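Per-chain residue numbering starts at 1, and chain names A, B, C, D and E are given in the order in which the chains are listed.
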Amino acid sequence: MTAAADTMDGPAREAAAAPLLACAGLTMRFGGLVALDALDLHVAQGEILGLIGPNGSGKTTFFNVLTGLYRASGGRIAFAGRDITGLAPQAVYRAGIARTFQRSRLCLPLTVFDNVMIGNHLRLSHGACFNVFRRGALRRQYDEAVGAARSLAATFNAQLAARLFDAAGTLDMIDRRRVEICRALVNTPRLLLLDEPSAGMTRGETRELMDDILQVRAARPALTIVIIEHEMNVIERMTQRCVVLNYGSKIAEGPFRAVAADRGVQEAYLGQAVA
Amino acid sequence: MTAAADALEVEHLFAGYDRADVLIDVSIAARAGEITCILGSNGSGKTTLVRSILGLTPPRRGRVVFGGVDITGLPTHRVIALGMACIPEGRKVFPKLTIEENLRLGAYREADEVTIRKRLRDVHGIFPRLGERRTQLAGTMSGGEQAMLSIGRGLMGGPRMLLIDEPSLGLSPLFVAQNFDVIRRVNEQGVTVLLVEQNAHQTLAIAHRGYVLSKGRVVAEGSASALRDNEEVRRAYFG
Amino acid sequence: MTGSAATRGAARSHSGDLLVATAAVAAIGAWLWAFLATDSVGVLAGLLAFAAAAFVFGRRAAPRYRRALAARPRMATSLGVLTVCVVAVALHDQPYPLLMLCTVLLFVVACIGLDIQTGHCGLVNFAGAAFFGTGAYTAAILAAHGVPDPAVIFAGGVVAAAAGSLLILPVLRTRGYYAALVTIAFGILFSTFLEVNDSLGGPQGLKLHGIDFFGWRFNRDVNLGWTTASFYVNYVVLSLALAAGAFVFARRIERSWLGLAFDAVRLDEIAAATFGIGVGRAKIIAFTLGNFLCGVAGSVYAMMQGFIAPNNFTFGESLILVSILILGGIGNPLGILPAALIIIVVPQKLQFIQEYRFLLYGVLVVLILLFRPEGLLPRRIRDYFPGSGA
Amino acid sequence: MDAGVLAQYVFNGVMLGVIYAMVAVGFTLFFGVLDVIQFAHGDVVMAGAFVGLATYVALHVLGVAAPAVVVFAVACAAGLGMALVGAVIARWLILPLRAAPAFNTLLVTLMLGSILRELVRLFYPNGSNPQPFPRLLPSASVNLGHFTLRLDTTILIIAGLVMIVAVNLVVRRTRLGLAIRAVAQDSETARVMGIDFERVVLVTFAIGSALAGFAGVVYGLYYNEVNFDIGLLLGVIGFSAAVVGGLGSIYGAILGGFLFAALQTVGSVALPVSSAYNNVFAFAVVIVLMTWKPTGLIAERASERV
Amino acid sequence: MQRYLSFACALVLACATLLAPGADAKETVKIVFIGPLTGGNAALGLGGRNSADLAVQLHNADAKAKYTFDLVKYDDQCKPDIGVQVATKAGADSSIIAGITHYCSAVAIATVDTYHKFGLPVIVWGAVLPAITYGNDYPEIHRVNGTMINQNEVNAKLVTGLGYKTWVIIHDTTDYGKGHDEYFTKYLTQDGGKVLADFGVGADQQDFTAILTKVKELNPDVVYFGGLTPIGVRLRSQMDKLGIKSQFEGTSGIVSDSYIQALGPLAEGTIAFIDGAPIEKLPGGKFFLEQYAAHKYAEPPEAYGAYAFVAANLVMDTIEKVGPNRKAVTAALAATKDYPSIVGPVTFDAHGQNIVPIVTAYVVQDGKWVVWQDSDYAKGKRKLAGGK
């Protein structure tokens, strides 16, 4: 992680470098419905990209195709110079892409720690013999993991770190989101996909969460983020660049202010201006 | 029916799922014979409002009165029986039923076959394509056609009041314009409409009055023309 | 209050709690003894009423004492084992209660196996009796060929796990009721096959000798010095060791990364896959481990009974195993013991109403489930190293 | 193989398939509206047969002898009686457990099955023994080589098919059926259409159980013997047929029923090994089919429950 | 109504026995009855239980008897493991002196070790597999009913004597059916009969039309069935459906009233065999049937009720003779010779098996099981299927 961060710190150099993620002609069809229509999209190393568009424009579908939950009907995905089209979700995660879900997919009966550890699974020893018989070694791994989870949670806030062993179902919405983000971050991915992190939260909570994300990002400058959001002030505040989708294709791209002023984008959201 | 009477009143409504409140102290009124719109971006609580009115998500606090009857917490089918109809978000047509069956479900509370036939003819008049393809399965239709079906189904009940949740969702501008036109015509025939939308411009073009919902609270209300120029509306979307 | 005073206070109340908890375990042991030993309807009714009352009224106070015990897992396990040992000694000259105790303990082992599959990994298995039976038949065949008994018991588990691998592909591909059907079909297929196929004894079953552990004959009464104990004491010791072993095993699985992977797969397969967990691998491991335990229990059961026949391993018996699981509270190995007592021993205790007993028993189970839908002891939050203060 | 013998196999297989399909349709209907499996359904079939039998005995005592009247009364009593039982099961055992894990419904209905079985065994006079079921249908027969075409069996096949078709018509063509299908596809939107969800569930259980009651009578009239424990195997086979066909689909259930009958027939006569292996064969094919089509032959939708 | 009453009675009795231990002048001795009281074989088990109960009641009513007997009843569910459990319970209960045990052969085989271990003398009242007595040398195990060997020997001789040539054998795949299949095939082949085909069917199978269609094609003179009443009824009735005209014969498993009740006129002409003398013909047998009727049991005695009755009487008479002591009873039972009973004289061989091989052939005539020799068929007044 650090090597990349060292060599790339200026936004100018990032843009010049080969993109971390490049999708070409990405298409996803469900029966007669075209959810992604030959989408071309690239994300530079270290950038925070906003992905916006009206409801049903294909944003979440894009995430699902990217993470291997759906198999693309056409097109290619390259990540860090490697073709990841059609890989299984496990392999995509191993390649360094982690995500959150629009509708929280935490395992609510499990503790915060357990949920975070689900994200950390690749780094834990999961052989049956190890887990059952080598309890001492497991204990060491566990203590380490608790430390890691606690410090990760503490980057959000101390209360969350204190509630590490409470069931996720007892947390309120914003803390559940934080746990989801922790789960996605614990394996130090290169690309983080955030699917509507503000959904179901108040304006104040949203602001708080965005502060948290920026803080995390400050601690890991090389982390690349793609964020789907409806809250435009979130997009404005968080992103350097946005891509607007409508009907599964890109209708605009650029800094938020420019995109928001775009007539096509306004129509996509607000409908055609009626005289 | 006097134009000033409130067909639907929502008073100080609180509602939500799990632990979080999605609606906070929401009060709105839809006047009889008018189109009242609720504007707001995604996640502002629009759909929860519709669900609370219909009794699908029982409110935590507050009251819903429809045509003088307190319907707070009433089972959904009883609310519908009082003359309410709903065109749900995302169309929600029954994919494995034919177009005609979908339409007939809209008139489920109506027992009289003659009336049902008449309404079918009316809907076919509005959307000729639904008449041409009665036996096609709804799931095989395009998004725009499904939207037509959903609206037609809502009209089949011969409602006094129509709740419409995001009719423009995922539709091309042409379809959106067409559907809004239908809504306007239906309203002109005396049906009260509560239109929940994200598409502000076209909505305000046909609505009489409106409310703007943001993060579960009403942040603006007024006549459609007043809202059209209201900065709050743009803020609700673009921050 | 100063910090150190608070700590001291906590420690004091902690040891107090531990004392109460130990007393409670002792009381449970006494109850178990009375329940197994009694043949009187009045005493039985009294015991059941007492248990129900203790359950209802003790619920509020219980967590505190349970925590005290949970903080010392080793002591808790030893205490449990010791309690059952004491019960066994108290019953040493009563073969029938001892036999029931063995039966319950062996069913506990099998159910813990199913619990790893169902309660942890979310795999339904309605063929538990088939894997139990595989172990039993393996034991019958190997023991007849002179394989030493400890190896026979282990082999029973291995063969059952191997038999399970026949079902791996359909089990991985199907879910929910469709998976249930696959296992139901296998269970029926298994018992029908045993019945029609004469090479394994057919419907007349197979006879087995009692267990012989390096010269220690299990079917001989045990001389305890002051008295002679029924030979079933041997089987109680073995079954108890297996049950305790299975319990610790299941607990360790649960309290490990593997158990976490199982939980993730059960609760949200998609999220699990998204975070790199091998869903198929987790299912295969859980399925195999569960079947292994069923097979081990089956082989010991067969040697204890001395005789096995196909109608011991029918679909109906699989349902009994699943019933124990659901009644105990899916995912909690601790709930299996009381549930097994209810499902296995209560019908025998109802012998006095003869042909009416199954009716009463059915009504009883339905009532328990209507009033306690999560089972008797629902699963608790995972704590990897209880008592470590983490 | 002789054509007459072949025809006989097919004819018998069809009769068997009709009975299985009648049972399977109930399973699939219940799953459709509520996503549950009612494992006592086979015992409802058995109870239907006994209600029919009791009605016959009562009519006999009352001196009603006209076969047509008796058959009609027996079928109606079984159908109505089981409709009531089905609705009661849904109302008091299934709906209250909707929020609980799906496993509980399973165990409760399993136990309910054994309760029904024991009730009949204990409280029907001489209930532990097989009971003669009266021959109420004309038993004329035609011999065509090795093929014996019996009038009563033909009537039963037709009656069974008519029942299945009738239920299918109710579901496909009536307002009530529309409501059932709507609830099955999307219960929430169905409620928004003004459908009383609970009522539809109860009615669906009543219809499926009534069909099971009729199946019990058809069973009795065909085999002329009923026993308190016939429900166990019928339930397992009905469930298997419904699942193999694809839960939620009526056509799938019918297909599954006939498929199961065919498998058992083939297993009995065409296998090189002993005919006792027919169930081993049938269930082995079921496992292979489920591996090949994990959500049934006519896949309506995956079941995520249990 | 009677059902509820008997349920209530069972409860009251159970309570009464608890609260008021024998205030009787006589010493009370406990003996145990074990059989299937629930599940698929409950009919036979309940018949056996009632018969044993009748024996005890009649004995207790006898003022000359030294002991009052208390019959403990256990259900083995026809499952070997449950059988071992209740056998252990009875064996370990030292107040129980002897047992009348088991209808299901697999259960009986499973439990013999247990009885031997506890030294509890038992008399098997219904299970027919030879191995129960001949598979061990345990002095505690006795059996009043015959094994399937004698039954099938007599059977094969009689039917081949009638002039039948070809057979199809259908048997259930339980130990009972398979055992009969084995021994009947053996004796039939010895006597010159020809087996065209042999079908095994599941014990809970309902439809046999596929098999019977094959049978029809083979067109045997006789269809032999080894199994119990429920399947027997289904087979016979489905044979008729398919127009199979062969003679139908069965084993002791179908000699029950319910076979005739369930089949009505179709039962006519069915031949079956049962070990033991014809009950109706012995004076004691008539007494048994009368008393059974007089005691108003809810269930009929069924085929093996008489054996349970005999076994109970034999146990009680032995205890009367040698006192309530297991060892003494075991020894005395071994010496049983020509004990007069309603199934004929009982004599145990070295294995405890009743060796008086009386096998009675029955045929259904006018809705009754009639002893073959007395029937119109034997006398030539009526013809069996195939004109024999």
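Criterion: a residue touches a chain if its C-beta (ideal position, glycine included) is under 8 Å from a C-beta of that chain, and two chains touch if they have at least 3 such contacts.
Since the structure is predicted, the reported quantities are computational estimates derived from the model, not experimental observations.
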| item | value |
| --- | --- |
| Where subunit C and subunit E overlap in contact partners, by chain label | D |
| Both-way neighbours, i.e. chains that touch subunit E and touch subunit D | C |
| Selected pair, greater C-beta contact count between A-C and B-D | A-C |
| Most distant chain from subunit B, judged by the mean position of its C-alpha atoms | E |
| Rounded Å distance, subunit A centre to subunit D centre (Cα mean) | 51 |
| Whole-Å separation of chain centres (CA-atom averages), subunit A against subunit B | 34 |
| Euclidean distance of C-alpha centroids - subunit A vs subunit E, Å | 75 |
| Centre-to-centre distance between subunit C and subunit B (centres being mean Cα positions), rounded to whole Å | 55 |
| Subunit E, residues touching no fewer than two other chains | 7, 38, 42, 46, 173, 200, 202 |
| Where subunit A touches two or more other chains at once, by residue number | none |
| Per-residue overlap in subunit C, given as positions that touch at least 2 other chains | 192, 195-196, 355-356, 358 |
| Pairs of chains, among all present, that meet the touch criterion | A-B, A-C, B-D, C-D, C-E, D-E |
| Subunit B - residues contacting subunit A, complex | 18-20, 22, 41-43, 90, 139-140, 142-143, 166, 168-170, 172-173, 176-177, 198-203, 205, 214-216, 237-239 |
| Subunit D - residues contacting subunit C, complex | 31, 37, 93, 96-97, 99-104, 106-108, 110-112, 114-115, 118-119, 121-122, 236, 239-240, 243-244, 247, 274, 276-277, 279-280, 283-284, 286-287, 290-291, 294-296, 302-306 |
| Subunit D-facing residues of subunit E, complex | 3-4, 7, 38-40, 42-43, 46, 173, 198-202, 204-207, 209-211, 213-214, 216-217, 229-230, 233-234, 237-238, 241-243, 256, 258, 261-264, 298-300 |
| In the complex, subunit B residues that touch subunit D | 54, 56, 75-77, 80-81, 86, 88, 92, 94-97, 101, 104-106, 108-109, 153, 157 |
| Residue ranges of subunit C touching subunit E (in the complex, touch as defined) | 39-42, 94-96, 99-100, 103, 192, 195-196, 198, 202-205, 207, 219, 230-231, 301, 305-309, 311-312, 348, 351-358 |
